[in-house]
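One structure is given below, encoded as structure tokens.
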Amino acid sequence: MGYQLNFGWIPQYMPVLLHGIGITIYLIAVGAVAGCILGIVCAWTRALGPVWARPPVAAYVELIRNTPFMVQLFFIFFGLPSLGVQMNELQAATLAMIVNLGAYSCEIIRAGIQATPKGQFEAGASLAMSRIQTFRHVVLIPALQRIWPALSSQIVIVMLGSAVVSQVAAEDLTYAANFIQSRNFRAFETYIVATVVYLGLSILLRFALDALGWVLFPRRKAAR
Amino acid sequence: MIEFTYWDIIRNLLLATRWTILLSLVSFIGGGLVGLIVMSMRISKNRIVSAIARGYIELFQGTPLLMQLFLAFFGMALLGFTVPAWLAAGTALILWTAAFLSEIWRGCVQAIAKGQWEASASLAMSRFEQMRYVILPQAIRIAIPPTVGFSVQVVKGTALTSIIGFIELTRAGTTLTNATFQPFLVYGLVALIYFALCWPLSKSSQILERRLNVSHNRH
Amino acid sequence: MSLITVTDVRKRFGENEVLKGITLEVGRGEVVAIIGKSGSGKSTLLRCINGLEQINDGAISVAGAQLLPGEAALRQLRLKIGMIFQSFNLFPHLTAGRNVMLSQQVVKKTPAPEAEGMARRMLEQVGLSEKFDAYPDELSGGQQQRVAIARALAMEPMGLLCDEITSALDPELVSEVLAVVKQLAAEGMTLVMVTHEMKFARDVCDRVVFMHQGRVHEVGPPAEVFANPGTPELKQFLGML
């Protein structure tokens, strides 16, 4: 084979790569935290909330889960401005991540809530806690603990999916790779480097989420 | 400038949807075949074979599908021939699908009680015969709901192939947006078409799952 | 000549040595009961004889065929000796009849009509001729275990290994399974049984093997072993201390 792989360009473009990595980490950090909060609220609504609020939440969840992330992103970035909602690339990307993970985490967390033994709700009520208090103090943490592995996997999937935000020119890792390969004419090597970085990020993210699980649920056994 | 009626937009999107469906089918079927091989390797008693399969799965599940598409596209180009977008798209999607299906199916095979392997072994069946006649018929039953569920991910995954220039639903949406300057309408329609493709799959996966649980509880 | 020969067999699970040098011979037509506390290694020994566990040291042979690693050798061995499990392990996706037919067809390549004829005879022998088309989840535990026996018998083995085959059964279902085993013993089938049914062991078996901490601690005819246990461990096990 005549082609020689060449990675000599890496030092020159390191700042660009690092900037892209930073944006990707920012996106997943904000997306995961806000997305999970949104997911908890939606899951509460669907499982225990007022009956009138359940159908709209269900529609949101189904709509997001059954359309591609990229179309959601395009809709937010290109479509919403025609309604007068103006956003820059990064804001649109962040919003799309939150909305996307919100829907997925809603379904996952709801499963965790619904696996709660009835006695837990009754015990909370018997201690004169309100429904919200019971949810907040008795139900939520064990529910999250039950589904933590599934939620972690979903967060990693959403992080990998974030590569698409480069398509609206949000300057993430993929955007950096696109930029670099247009300058160094080494598309294959550039994307290999980006792929390896993504692999490292997903391993680190998984590790971080496992660690967070240990902190959030120290030696507690979820009631099943 | 050409005027587009609503009907023009919808018609063009539906025409492009054919390619989304075709690519989804090819990826799903191809991914299923490769996935079966990867799954067999993954549960092999040979540690090296199993480790290779594990590495494959880690790699494809741990990196973005978009990167896999880029690498297929530019990597195949390095081998010296021009790569049509559909070929790179199909290859990457098949490999990606295989990684996920093989893990889903491994879970199903491992959900079959160990006693089933032992009983069939004690009846002098070879490992292949145990798999073929005893384990798989049981595993397939529980594998159907999650497999149908994953097909939704495949359909949605095909949207990314627009980035490497494969003309399917999302790509058609972008083109139409550029021609009509109506992104809200066009991307809204694109989303609805995806929803119409995916929602029945999601729903049937849920129904199958529920039915399976009911029949399990009969024991 | 003995059918099963176990020579100085050792088996470890990690650090834990479960079998510490077992030597045992089982003659043709002999019925042997293996008794002992849980964890004494009796089930492991049975599983080793069938090649479900790989032994770390020693040798096992059945009717002159050595137990060797590798699928072909295992297949030969397993054709000579069948196994019945505590948890029945019927194939839930097949009817009782198909359960009995499957490995005849797959392993022995017996044509379907013959395999079916054999299956019907075997089910009749265990008293379940009318259950040919029933699925396992439509049968009681005792019936399932009898189907499992028919399934093993259909392969025409020289001997059967029975691993606590009544332990998972409700008490009222134990006797129907033991009756089948008793009949097999009367017909001259070689049986090696791990069992907790002491009365059955005393009535039916030719020899009782008491295992303790991974070793054969005491062997003898049931009358002797149960009446005059020679060691304090066996006395304690039999509740005589």
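Each chain carries a letter (A, B and C) given by its place in the written order, and its residues are counted from 1.
Assume contacts are C-beta pairs under 8 Å (C-beta built on N, C-alpha and C of every residue); 3 or more make two chains touch, one makes a residue touch a chain.
The structure presented is a predicted model; accordingly, all values stated were derived computationally and were not measured.
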Pairwise touch network: line, ring, star, complete, or other: line
Chain ID, smallest distance between chain and overall C-alpha centroids: B
Which of A-B and B-C has more C-beta pairs touching across its chains: A-B
Most widely separated chain from chain B, with each centre as the mean of CA atoms: C
Intercentroid distance (Cα basis), chain C paired with chain A, Å: 54
CA centroid of chain A to CA centroid of chain B, Å: 21
Separation of chain B from chain C, taking each centre as the mean of its C-alpha atoms, in whole Å: 46
Shared-contact residues (touching 2 or more other chains) in chain C: none
Chain A contact footprint on chain B (complex, rising order): 58-59, 62-68, 70-71, 74-75, 77-78, 152, 156-157, 159-160, 162-163, 170, 173-174, 177, 182-184, 187-188, 190-191, 194-195, 198-199, 202
Chain A - residues contacting chain B, complex: 3, 62-63, 65-72, 74-75, 78-83, 156, 160-164, 167, 174, 177, 187-188, 191-192, 194-195, 198-199, 202-203
Touching residues on chain B, where the partner in the complex is chain C: 113, 115-116, 118-127, 129, 133-134, 137-138, 141, 218-219
Complex contact set, residues of chain C against chain B: 50-52, 71, 74-75, 78-79, 82-83, 85, 87, 89-93, 102-103, 106-107, 137, 148, 151-152, 155
